[in-house]
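Okay, so chain A shows up in both of these, paired with chain B first and chain C after.
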Partner chain A sequence: MADPIIAGLGVVALMGAAATIAGAAEDLESDVGSMSNPNSQVQLAPQMGNLHRIFNKAVSGEPVQMGAWAGIAGSVAFVLINALQLPVIMSIAGGAAIAALVHVAFATTSHMGRIVSQSQFNQPLFMDVVTQHLGPIAGHGFIVTFSIVGLSYLMTLPLQGFAHPFPLPFLAVLWGITIGAIGSSTGDIHYGGEREYQQYPFGGGIPVAIHGDITRKAELGARNSMDVVYFCAKYGGPVTGFAFGAIVFFSFWSTVVGALAGSSGDTPLIWGTGILFVIIILLIIINNRIEVFAREKYGPYKE
Partner chain B sequence: MDPLFLILAVTAGGIAIGGGVHFIPVGGAPAAIATATGVGTGTAMLAAGGGMTGLITAAAATSSPNLLLIMLAGAAGSALMLGITMLVGNWVYVWGVACVPSSAKVDVDPITKYEQSKYVTPGTEGHGIPTVCFVSGIIGGLLGGAGGGLIYYALYNSLATLPVYAALPGASISIFAATVAGIFALGVFFVNAVIASYNIGGTIEGFHDPKFKRLPRGILACLIASLVTGIVGYLLVLGGAF
Partner chain C sequence: MSAAGGPAVNPMQILALGLIGGLILLYLPVLVPLGPMLGPLLFALGAVVAIIWGADAIARVASYGLGTGVPSIGYMSLAIGVIGGIAGLAGALMFGSMSAWLGPIMGVVLAMIVGAVVALMGTQVLKMKIPILVRCTIELSGAAALSVLGFSAAIAGSLSMAAILSSVVATGFIALLFILNTMAIQHPFNACLGPQENRVRTLKLAGATAFMAMAIVGLLSLGISKAWWLVAIVGAVAWFYFIRAFIQASAKEAASVKWSGWWPEEDET
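Showing the complex of A and B:
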């Protein structure tokens, strides 16, 4: 029998790996569907006379959307595992597949609603854009919900440091909201701050004067959201995955690694929570070093 | 558990969440395109995302009878999520967009004393998350997570004493009480995050932002809303909501 702490660390590492994949896929889903805050520019573009072929489905906040999909997938998987006694992997895949179907219906109606509302600015609705983008949107969404429900299931296992009191569907909703908030805050900046304004010089923020003048030409033909994903998959997606993976990995140190200090009473929690506070202080220091690096490397803007 | 404690705990927790949201540097859509300082998402969304991680870590400490420890576990989880999110967000600003984290609201960073205005791209209101915003965000996460933990603890312990919410045979924790308390804490999080978001009115950089002076008004609104929510929470204990 393996040491329970070592086994627990193994499960945490597996959860972190699932979370990393989920985070990367979540950011790319929001890029191919233009889900998050950068979509404000896609919405603004036709009003500035810039007609486009970008997918546009941002009718809700990204965290709420991902919470809904993860919740649907978690609920269906929960029923399949407990009521129909199906194997866990098959049940989670079934739940993620149902969530993908709902996701496709949402993506279709929200894109059409968004684009049709801009017909007053002569923005056309391209049916090929709808059909071409639905596959990648549902595919990335499937990877996200499968990974999130998977890691939520691992959290409920009766192991030392786990056995979380929340049921699978609720955990899936909570992690879904969290991953949406992370994807919206990290990788989407690569889409909004760089990919949307690529015809302007690299190396600065986006001045208000050019808002709405998004890049509409691709390497070949008109740019669509698939071109956005090819670009963001090189940096924005992976770092989002790293962020969510690190959060899931470290948040379990409070119960798993804390057990190294002893297993009696509150000792593991006290030590584990203390470790988290040390990590938080380290994050402040690392962030400051990055700020100093940028100031020294890039320097001030010329007048 | 004393009903007054439950109502006061929900009220205090709501105030901590609402107050904490004011500390979190959010730039909304402008920040997502590197036109404003802060994290590039909405106030309520980021606060809720941080709060959810805090709720998960607080609930993982359910077996402990120590209220302070549950609040600290919630605070640590929430601050950890916000810290990693802000750090990785800065990676994208620095290496993906190639701009220097800087604020246009202050000339000098109050913590590091770094000059800000020269590093702001002309035509923008700053970009990225400089040290003062980062520290402010961590404080916001700590407050929000502690508030969420307090609400969870109070409702869990109120419900777990009821026969209908009793723990299953062989279990020390009532998963029914934990689930209802978790969903309730989630709801209180959203209520107070949205109220604070309205008070902030779009974007805020943290405690050094002039908008931070609106904090007392936001706290008052969160107090009233959380008091009402606390009374609804007591109805849950009475069984009136089922």
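Showing the complex of A and C:
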């Protein structure tokens, strides 16, 4: 048996990797469907006379959506592991596949419902938009739920610093809500503020006068949500993955390393919390330095 | 079209279907020995009618321009429903084990009381000016409690507190039921909101989301209940029926349905 701290660090690294992949995929999934903040502008566009070919996936906020899909995947995986004794990887893949099916049904009905309920503005219901976008939506969603349930499962392993007392479905729901929140807060700006209003200068905010006047034409033909994903995959997705990966990595790394001070009772937890506190202070300072540097170097947005 | 005129669906009928129908479906397997196959099926169907009732209640209250608040009031009601439902099951045991049958009714009533308190806070303290907020929040809380109780009983195979505690709460499925029923109740109106919202079409979608949740509940009871495949298959077949009806209604009511091409030229600016 290896040193428990070394084994723990290995698990933490794996969890960080899964979280990074999940974060990137989650942001891109929300971009394919125009969820969350950008959604209100896609919804508003036809009322302003701007008809479009963009997917309107008004399922709910990202946190609850991802909590539901990850919860379904985690619960089905939990059943497959315990009731059918299937291998863990296969069970998680099976759970994520069921969640992807539910995801597709919700995505289709939300797009159709929202478009049809504003038929007075003549927005056509483009069926090819529905069918073409379902694949990327389901695919990205599968990657997210697989990674989230995977890292939730790793948390329950009987290892020092892990062995979480909550059952897998519970952890999957909680982590699903967390990834949705991170994806919504970190990733949205790269679609909502940047890509959706590409014909206006970036950094000027979105004044009420231009609400609903979203970019509807692409380099060739009408813009669809796939064009949005190509753009967001360059920066918005990876930076979301980095943010979520860092959160998962640091929060578990600190308690595993905290065991160096002594592995009895609450000692690892107390030391881990202390280490985490120092990390957070450092991150606040680094964030402030980066922002001050960027403002001085590139200057404020000018009229 | 229901948007401008009165609702196309009578809210009292939906209320009766959800509350009375739901309670009958929940109590029938308790009162009449139906065996291990039919019991969970009826429990799950009780949750389905409760979800349809909840979806109608949310559509009525959210028509006052709740917008992004549609999902929020859904989660709020499910939070109340989970607390009320479990508290009702546990509270009924205070009167001795003979009165355990009181559990579901107590759960629904407790949830409705908590819902009333929350809604009165909204109208009296926060001064929210939504005329039917109190009534609809009470309805939503009752629907949420019934849906959680029904699906919990479908997984556990019985409405007893001990069975639900060991096979729904201890396994963590209760967290999924919370968020899955939230989605099933809030999604129909959230997906269909807009000036041309048609309540009949919205309720078709409510049937689809409710039966989809039922199919998943069937999968979850694999290994706990013998009737898992029956619940899952009935849920999946009924889901197919409702989502087909919803897609056909959408195609009929859309401004136009196209498989390719641009949007209409006259709107080019």
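Assume the second predicted complex is superposed on the first by the 294 of 303 C-alpha atoms of A that agree within 3 Å, B and C clash if a C-alpha of one lies under 4 Å from a C-alpha of the other, contacts with A are read in each partner's own complex, and residues count from 1 in each chain.
Please note the rule applied: a contact is a pair of C-beta atoms (placed from the backbone, for glycine too) under 8 Å apart; a residue touches a chain by one contact, two chains touch by 3 or more.
These figures come from a predicted structure and were not determined experimentally.
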Chain C versus chain B, contacts on chain A by residue: B
Which superposed partner A:E29 touches (first chain B, second chain C, both, neither): neither
Which of chain B and chain C A:M127 touches, first, second, both or neither: second
Partner chain(s) touched by A:R114 [first = chain B, second = chain C, both, neither]: second
Chain B versus chain C as contact partner of A:G61, first or second or both or neither: both
First, second, both or neither for A:I189, with chain B first and chain C second: first
Touched partner set for A:D227, first chain B, second chain C, both or neither: neither
Touched partner set for A:F170, first chain B, second chain C, both or neither: both
Intersection of the chain A residues that touch chain B with those that touch chain C: 40, 61, 64, 166-167, 170-171, 173-174
In the complex, chain A residues that touch chain C: 40, 49-53, 58-61, 64-65, 67-68, 71-72, 74-76, 78-79, 82-84, 98, 102, 105-106, 108-110, 112-128, 166-171, 173-174, 222
Residues on chain B engaged by chain A in the complex (per definition of touch): 28-29, 31-35, 39-42, 44-46, 48-50, 52-53, 55-57, 59-62, 64, 66, 69, 72-73, 76-77, 79-81, 83-101, 112, 114, 118-124, 126-131, 134-135, 138, 173-175, 178-179, 182-183, 186
Touch list for chain A against partner chain B, complex: 36-38, 40-41, 61-64, 164-167, 170-171, 173-175, 177-178, 180-182, 184-190, 192-194, 196-197, 202-209, 211, 235-236, 239-240, 242-243, 246-247, 250-252, 254-255, 266, 269-270, 272-273, 276-277, 279-280, 283-284, 286-288, 290-291, 293-295, 298, 300-301
Of all residues in chain C, those that touch chain A in their complex: 68, 71, 74-75, 170-173, 175-176, 178-180, 182-183, 186-188, 190-198, 201-202, 205, 208-209, 212, 216, 219-220, 222-224, 239, 243, 246-247, 250-251, 253-260, 262-264, 267, 269
